[in-house]
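Each of the two complexes below includes chain A, the first together with chain B, the second together with chain C.
Presenting the complex of A and B:
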């Protein structure tokens, strides 16, 4: 019974706080950080009413909170992910916790719903992934994410001045012309936005173009032409934002929206992008 | 203080912007509980389900004329 005490002692110590042998709660990983003063997170809530806490290993800090596996276990989670109001509540809680960590230390945010069975498993991830996590932290240090989206302005209603008596051929020609005009406009837009993206990228540490958002989720009628993210140093943030806001101000056919700063979600990848 | 301002900011962010980042990006570590969620495919499947439900929620929201966010 007493054999292997050395290897199990740290585990036993970690267990002491939580007496449950069969975990009814999981450890929801919010973010990985470093040089974080755990006291700075006093009062910060994670998911539901569970306060966040810090698990340290090899100089890295995982910010975690307890979650009930009746809610976040594989089966219930699958079900809950189909419930939009549940997703929204949890996404906002996750984001608020990430923001709280990001406000006080260099932070790599985790993807939604990364859950471990024990603190040992969390620490093990920090140990195994120490190098790529450190690289990610180095990359986002001193910078924040900015979102720049461009929408096509609402198209003027298709020419209502249609001739009363129009031949089939004339109709087809007019349709063809309209399709061609739209294709030209989209191609022009793409060129303008590609130039803008390039300009913004030179003002950023890193950049990414994301998938345009689904209009069914965004509720926007206008087609999204660009959904881009930029990692911008805090020093350059104001001029970046000013530039992005004004760059296409004279182009009525495109509307640009600048949003930030965000925690560096889009630049926290563990593989160099 | 800081907490209030981040919470307030969070409430103003649109859900689609949040999901863009919480599901589409961020570090993907393989968790113990939901290994399959780390796979893009499942996220996409779930988003389809989400889109279906967002549409019905939007319809309801417009009917009720409420704005709770």
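Presenting the complex of A and C:
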């Protein structure tokens, strides 16, 4: 496309001539929707106070916002991605915009930092990817993502009142037994959670187990034993949530947390799952 | 198409996205895991592979992805971080030290008697 190339070369030129005072802007793609009333997004912000707008092509709508290439160009972006507080701020902005779009139309969210040089390039993506994008929208239509996590309950502190005259061998045996018991417990937990996951999956359109989160990012001390996402129809959401919340209520060693609805991030894919 | 509520009001503080009975914003881990690792992937004009970023790899990839996967990738600095050591590893280590100590004592005791 000639306009895309022209835009590309002018941006490259602008980058080379550092004296250029006007920063070029890029088009940050937030999500792709259909049957979206653009007026419904009035006042919705994208990244850094830039309002979102809609680029239409082939019956699909790309929701984009402007970003400053001084911040989101390849080199600055690479630098900024090293800064966790920058990443957090931008990730939350991306997420808030996705939620706003998802609230008013069937939506597939984009991965963070998908940026184009012109609206023509955005429209071109909609045209080229029309079929897989349409299928992706079909898959999430009428449903939302629900997160179900299970944490191991905090392990009770080991009794300190051990026999005073305990021998080294007895001490070792006791510690070995503790390690063994822990291993058995984890194995039992895994079976219980695997069963729970399969049960929840039957109540969902699609499901996937995600990697358990590290305590340093989750902010939780208890180890995460299960991290799973389910695509659940709006009609079934309440009963799904109720079931997941209560399923393991009688197991004190595991705590289940249900969170949703989320935009269908984990089920937004150009390939059938 | 699902029209559920007014979009302007739902941004940021939407009850629909606040989680079940949780007033605070959704967790950073949940958001990063989805935004950096899920969602539709299309090549943009700005080419940055999120997982090629060095610090991002350490800070986020390790944290969002699991410890097991990080180990596969050869990232293992947290092993020496006491905050991240699992108690199982500590127990195993303690066991090894105690075994060595008991062995030492038993050897020493035998010599003393002899």
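By our rule, the second predicted complex is superposed on the first by the 250 of 273 C-alpha atoms of A that agree within 3 Å, B and C clash if a C-alpha of one lies under 4 Å from a C-alpha of the other, contacts with A are read in each partner's own complex, and residues count from 1 in each chain.
Note that in this section a residue touches a chain if its C-beta (ideal position, glycine included) is under 8 Å from a C-beta of that chain, and two chains touch if they have at least 3 such contacts.
Because the structure is predicted, anything quoted here is derived from the model rather than measured.
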Chain C versus chain B on the shared chain A, clash or fit after superposition: clash
First, second, both or neither for A:82, with chain B first and chain C second: both
Chain B versus chain C, judged by how many residues of chain A each one touches: C
Which superposed partner A:100 touches (first chain B, second chain C, both, neither): both
Partner chain in contact with A:268 - chain B first, chain C second, else both or neither: both
Overlap of the chain B and chain C footprints on chain A, listed as residue numbers: 26, 29, 32, 43-44, 69, 72-74, 77-78, 81-82, 84, 87-88, 91-92, 94-96, 99-100, 103-104, 108-117, 121, 125, 129, 133, 136, 147, 210-211, 213-214, 216-219, 259, 262, 265-266, 268-270
Interfacial residue positions of chain A with respect to chain C in the complex: 8, 26, 29, 32, 34-36, 40-45, 69, 72-74, 77-78, 81-82, 84, 87-88, 91-92, 94-97, 99-101, 103-106, 108-117, 121, 125, 129, 133, 136, 141-142, 147, 155, 168-169, 171-172, 175-176, 178-179, 182, 210-219, 223, 234, 241, 245, 258-262, 265-266, 268-270
Touching residues on chain C, where the partner in the complex is chain A: 1-5, 7-8, 10-12, 14, 16-17, 19-20, 22, 25-42, 44-48, 50, 53-56, 59-60, 62-69, 83-84, 86-88, 91-92, 94-95, 98-99, 101-102, 105
Chain B residues within the chain A interface of the complex: 2-3, 6-7, 9-11, 13-29, 31-34, 36-38, 46-47, 49-51, 53-55, 57-58
Interface residues, chain A side, partner chain B - complex: 26, 29, 32, 43-44, 69, 72-74, 77-78, 81-85, 87-88, 91-92, 94-96, 99-100, 103-104, 108-117, 121, 125, 129, 133, 136, 147, 210-211, 213-214, 216-219, 227, 229, 259, 262, 265-266, 268-270
